[in-house]
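Just passing along the structure, written as structure tokens.
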């Protein structure tokens, strides 16, 4: 039987892995390889690796460490994919077919589009024809606006006229393979997922949906799995707070009877 | 004593790097190449694959020396493993986007997964387990961890059911592992399936290691 | 080279693991703000949360130590032991990694612990021969002779906890508080990744084997596997997440209740007298190397912390930086004698670690920008011609 996935999201900003709170406060955690190695050792189902840098400069500002300080995103992806024996979805700043190709050749298994999908819907079509829709994840950031939700682009800064449901249907029609639905309001607050938002999106499409935004405890994962038909549950910050985090989260879900893989540890 | 040397065929399929990495991690000698001499000198051949059947076949036909490959695999019996679309192209034909001929090494055709009725989403993306239908050494040591990573919308409908080693349930059952003599196919991605994937890859290589 | 400094404290942008936001405030200040915002009510709730967390461990345990406290004998560890053993009346196992760099006052304080508290105390000190070798090896490898200390402190206690079946380890100040890596609500716990990446700079015991050390020399440095840790259920929690961390206040409590001694002599590189008595180099040449690499030192750390907790104004902090950050402390000679190295060799190795984002060369001297404005020279360049060329190449990038 197909399992629900538990997916750590790793945010890269200017060469550092960071925590993100409300899309505006960032705390440096460290080097991409060290972080992904641990997530890999804890047998993560998959990871989503997002580049949220504003510029083009990648620099951990350390040249005295046992880890290489890579100056380019593609080099970082190569290093990261070398120690990941699970799928990696790479997103952030993808604007052309070549961008996608470069990332896939550097080791990404899937790519994730956000702003570009909003700017040019036909790009999704193009990309899925070229690489296959199973390779294309569309990430949708949504914020509550009075009673409705609206889709935002550019890291939550630019409002569009689409509701998440409308936009999800459009991207599905245009060849997207999966949807990553993220609540801007809940980001970094640890108060739980926006269940209503997730439910709306999941019910409106037939492609797999990944929930994101707001996890603060393991039972937030179980809440989403229980109350919605979401395919996968994702989180960013929380996996950085304790050791063996992914293993323990998986263990909690597995022992509570949820349809997830048995927790495992891998030697890298 | 001939030392193991795994050859990964490169026809522009995206997951070559990951397959290379996992074989290195398992501590076998491995090379990524389409060179006829290297193919002849290798002890195992792996055909990775992501993407669609027709475009993959086109790339295979234009970049891989099929004549040499057929001699090594079909005549000389060199162990061969196709992964994901690399397994699907073993079929006689496929129907993704357009009707297209495959390598025809194992009888059958590639068809879209039937996943409606249960409200299951396509593509089939995620971890799913296997049900073993025929015993094989390739399953040695496989115990609790039997989930593998899948990402596909099409599957191989095998003509001769004795060529099916395992199937997987998604809506209905589809073939997840196919085997005819020395030719194997995995619908899932062993290079992305952590413990279970590494076990099967290790078994595949070790089964055919010359003493 | 644009030297950027935090507007609130005195940290430069080159400070380890730091970032400075669009308003010019650094991540450490931002995080400290969050901690300062917490009212007494909040801290009471957190205290309750602490008690909730430790209760299951006490309930299950009739016969073993209640927890393990990694201690150096310093003010922080004394406070931790005081809180656990005195205020909560628990029986901890105290555990010290002894890197052989204690000041005499530090020795006294460390040995005092099991007199002051009803607690057992294990001290694990590697062979001095091994330590001397490691001092030199890691200085050449990463510009830090104190790697053994960072490694030992973050490894030996976890090993002992797994061996003695003690699941709960109680640490003090929230990890990497110095860069604002985590916020109060994160309730972060000890992590192997942070240890490996930041405390050990990505190196482990096996990296030392190619430099002439053997596995048996490094037993104290081997971190337990995930399996071993999960079997015992070892986890490390930080008191700083549950009780307001105030070193000045804490030191007062310690000195009032116990025979704890601060440093007899003032330190040469900082104004505080209470810190790092367990390691003579932490405020000395280990920290000097931080200045050589990144252009800031212990005084910047202490002043920034004191600014954030309201004990010091920024102008005063800048004065501390001016007075102390660049001092070449006399423990340099103690160390050179300890490991058998000449001063010239020391500087020529140290100079290879200068950060080209911070330093530049002019007229055979090292220059950098100052937080009080302008730029100054800080010593002669000890690189050969090819070294200077390499540096200049990197320098051009910035």
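In this document, chain identifiers A, B and C correspond to the written order of the chains, with residue numbering beginning at 1 in each.
Basically, contacts are C-beta pairs under 8 Å (C-beta built on N, C-alpha and C of every residue); 3 or more make two chains touch, one makes a residue touch a chain.
Since the structure is predicted, the reported quantities are computational estimates derived from the model, not experimental observations.
Here the chain at the heart of the structure, going by C-alpha means, is A.
Of all the chains, the one whose CA centre sits at the greatest distance from that of chain B is C. With centres taken as mean Cα positions, chain C sits 34 Å from chain A.
Computed from the mean C-alpha positions, the centre of chain A lies at a distance of 28 Å from the centre of chain B. Separation between the centroids of chain B and chain C, computed from CA atoms only, is 51 Å. On the side of chain A, the complex with chain C involves touching residues 16, 19, 21, 25-31, 34-35, 37-38, 41-42, 61-67, 190, 237, 240-244, 247, 265. Note for the complex: chain C touches chain A at residues 14, 16-19, 21, 27, 30-31, 142-144, 179-183, 185-194, 196-198, 200-203, 207, 226-227, 229-230, 235, 293, 353, 355, 357. The part of chain B that touches chain A in the complex is made up of residues 14-15, 17-18, 21-22, 25, 50-52, 119-129, 144-145, 147, 149-153, 169-170, 189, 191-195, 197-198. Of all residues in chain A, only 1-5, 43, 45-46, 78, 81-82, 85-87, 104-107, 109-110, 131-135, 177-178, 205-208, 229, 231-232, 261-262, 264, 266, 268 touch chain B in the complex they form.
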